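Naming follows writing order (A, B and C), and every chain is counted from residue 1.
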Amino acid sequence: MTGISIHELGVAFSAKDGRVIAVDGVTQEVPERGFVSIVGPSGCGKSTLLSVIAGLYAPTSGHVEVGGRRVTGPDRAVGVMFQEDSTLPWKTVLENVRFPLQVAKVPKSEQLTRAQQAIDLVGLGGFERRHPAELSGGMRQRVALARTLAMRPSVMLMDEPFAALDQQTRLLLGAEVLRIWRETHQTVLFVTHDISEAILLSQQVWVMSYRPGRIIDVVDVDLPEDRDASVVATPAFNALQNRVWEVLQAESMRGFAQENAVPASGVPAS
Amino acid sequence: MTVRTKPPASRKATALPKARRTVPGLIGAVSIAATVGWIVLGGILAEAGVRAGWWEPDVLPAPSEILPVTAELLRSPDFAPDALRTLQELVFSCLFGVAAGLIVGVGFWKAPGVGRVFEPYLVSFYAVPLVLFYPVSIVLIGINQWSVITLASIMTAVPVVLNTWMGLRSVPPVYLRLAASIRCSPAQTLFRVAMPAAAPYVFAGVRLGVVYALIGTIAMEFTTAQAGLGYQIRYLYESFDAVGMYAYIVVVLGASVLLTAVLEGAERLLLRRRTVR
Amino acid sequence: MTATVSQPPAGGRVLAGSVGVAVAAVVLWEIGSHLSFVIPPPLDTARALAADLTDALFLVNLRETMLAATAAFLLSAAIGGLIGLGLGLSRVARLLLSPIVTAMNGVPKIVLYPILLPVFHLGYGSKIVMGVLFGLFPVLINVMTGVQQIPSVYWRLARSVRAGRWQTLRHILLPAIRGPLLTGVRLAISLSLVGVVLSEFFATKYGLGRVVLRSYSAGDYPNMMGTILLLIAVSFVLSLLLWRMERRVR
């Protein structure tokens, strides 16, 4: 069983204007094969939270368990997808997708079949020998997605993977992620600042507050599992969106005010 | 030449599959033709100048006189020892300098505090007042190729260190997070992620280093040495053999242009797929 | 476990470290001077330099070198800046000229000295020209690439506010390339000096290059070392100052 359980997690670090509490007392569960999104204003600790789950960052307090095992560092069973373009420009699409498998010393023939499957799954068939420079931003994120999928992780952590893309591409890729998730049924934790993206994709949405980053609301998305983008027009979707937005609006305003305030009125150091 | 030798601007956000692929070839051809044209034009001017009596032939002899002597020189048995000496000095300096530069550059990246401490010196010696240490080097090591190789290696290493370090510092952090997330070992992170990502900078540094090695080697041979192409130019100059001297100058100029072209070509080849053409 | 970068030490500690490196170099030098008789001890060198600096003839040599280097630098910056500007602005000029500029940049300029000497004669002429040959290219190439790398939106901005040529140059172009320009100037200062001193190694009446070579032939190593260190120190201090400026504008 490879759910994610987060126990009393806290992350603090020192910044120019004093100590910042990015994540504070978060205790949550992502069920095995669940798809959960975290939304929150920019600058809240959602990416930090994801980094801790990925084992890329050590928490200040509390701990995370993935599949019942305590996270102490990166794990190849946990795939991470980043917001920034992380395709390596000196490698072709195929080489990029193979790269984690080479690092993991997977036998070569298996590397190729798994990479090819992943490439086909994200709809990049025919582009294997292209270099990232020849692809659009959306296609590069598909490459990154394929690379994560090729590792066949049981958990996928996605850190605003489509944030840098335009709206149409983002919708399209969101639909792809949903389709792939229905095929593979990995446990997915998806970070975004886009409420409709979160609702469209996931079974549950966590709303995170501005510093200190806490989960201030958990919204179950009771929309049909085989939904597509047309669900956006339904009253049920709107109701969910309004609910999340209400919680988030106050938070965003608070975050905005704090970002632009003098440091002294910021979060008191604890 | 510059510390800020930036790699070509990062790739565009839009896809341009196969667009305008023939144009760069044409541009290259025009550039090469222009370069050859300038050299030929210079030759014609020099020839005309001597014939019209604008200057004495012992100041700058006619190319029609120099070139046959150059051709003869390349075949003569006297040429090989000096050329080999210079080549040997150049090759050793480049090997030592590049190796040391890469190691130190990576070291500074791993220990940025140490790098910052040495940075002001490296930056100031970047433009090579190091050549001025040549008399010191002779006193310490003696008049032989090792005094040249020692200094030329240092001159090569400096731009390699600075560019390797800067290249590694400008590796997008997400590449390193990716490497960590797929559990690359430190060696894999360095050799398969960080160094390839820094390659445009590193290669620019190597290119500069090799050019400095050539410039430094010839300059030091010219100043005080007992063999090498630089020495021959000085020797023939002092013995008023203008044509012989120019033959050597042509060889050195030709070799350095060739070296520059080879490095430029190698750089293009190495980085060719990284940017949209 | 974490992907965090270790905090770089504070400015004061870096400075102390850099000074420490210099001190360590002097200590090594002192140790070396005890191991080998050809290495003059640091103290003797300092004394020789101090004596030189009160010597009238040395001061003439110093003045000669510094004047020539200053002239060479100013000419390098002016010529290199103008050509670089032209090449940066004109695509056609770049197409026709940039390969030959690159090629000439890679040429060991010292071999051109025998050509310069009869043309520009002994004394200032030939060494200034040599200094310019050394210092020209870094300014030229940096300005050229600097102008090329100006974001196109700046040009559109200039056009949209109907800025004239001169206004565009003053308010857009020069500020936009000040980083690479400073880099080029910094390199040109050191290289002009190197070019001047190298040509003083040969035929000249006065100049520190001549002092270095004469002390070398006479086996007067403290004097040689002192003069070299003086030259290095001048170039070091100037390029350090410019480098600091560069980092501030970056």
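In the analysis below, a contact is a pair of C-beta atoms (placed from the backbone, for glycine too) under 8 Å apart; a residue touches a chain by one contact, two chains touch by 3 or more.
The structure presented is a predicted model; accordingly, all values stated were derived computationally and were not measured.
**Q** Can you name the chain whose C-alpha mean lies closest to the mean of all the C-alpha atoms?
**A** B
**Q** Name the chain whose C-alpha centroid is farthest from the C-alpha centroid of subunit C.
**A** Farthest chain from subunit C, going by C-alpha centroids: A.
**Q** So the centre of each chain is just the mean of its C-alpha atoms; given that, what is the distance between subunit A and subunit C in Å?
**A** Spacing between the chain centres: roughly 51 Å.
**Q** What whole-number Å value describes the gap between the mean CA coordinates of subunit B and subunit C?
**A** That pair's centroid distance is 18 Å.
**Q** Between subunit A and subunit B, what is the gap in Å from one C-alpha centre to the other?
**A** Averaging C-alpha atoms per chain gives centres 46 Å apart.
**Q** At which residue positions does subunit B touch at least two other chains?
**A** As it turns out, subunit B has residues touching two or more other chains at 177, 180.
**Q** Could you list which residues of subunit A touch at least two other chains?
**A** 51, 55-56, 73
**Q** Out of subunit C, which residues touch more than one other chain, so two or more?
**A** Within subunit C, the residues that touch at least two other chains are 3.
**Q** Going by the contact rule set out above, which residues of subunit C touch subunit B in the complex?
**A** 3, 5-6, 8-9, 13-14, 17-18, 20-21, 36, 38-39, 95-100, 102-103, 105-115, 118-119, 137-138, 141-142, 145, 149, 179-180, 183-184, 186-191, 193-194, 197-198, 201, 212-213, 216, 221, 224-225, 228, 231-232, 235-236, 239-240, 243
**Q** Would you mind writing out the residues of subunit B in touch with subunit C in their complex?
**A** 1-4, 6, 9, 27, 30-32, 34-35, 38-39, 55, 59-60, 112-114, 116-121, 123-129, 131-133, 135-136, 138-140, 173, 176-177, 180, 211, 214-215, 217-219, 222-224, 230, 233, 237, 245, 248-249, 252-253, 256-257, 259-261, 264
**Q** Of all residues in subunit B, which touch subunit A in the complex?
**A** Spelled out, the residues of subunit B in touch with subunit A are 11-17, 172, 174-175, 177-178, 180-184, 188, 192-193, 196-197, 199, 273-276.
**Q** Would you pull the subunit A residues touching subunit B in the complex into a rising list?
**A** 51, 54-56, 73-76, 78-80, 82-86, 88-90, 92, 99-100, 103-104, 130-137, 139, 151
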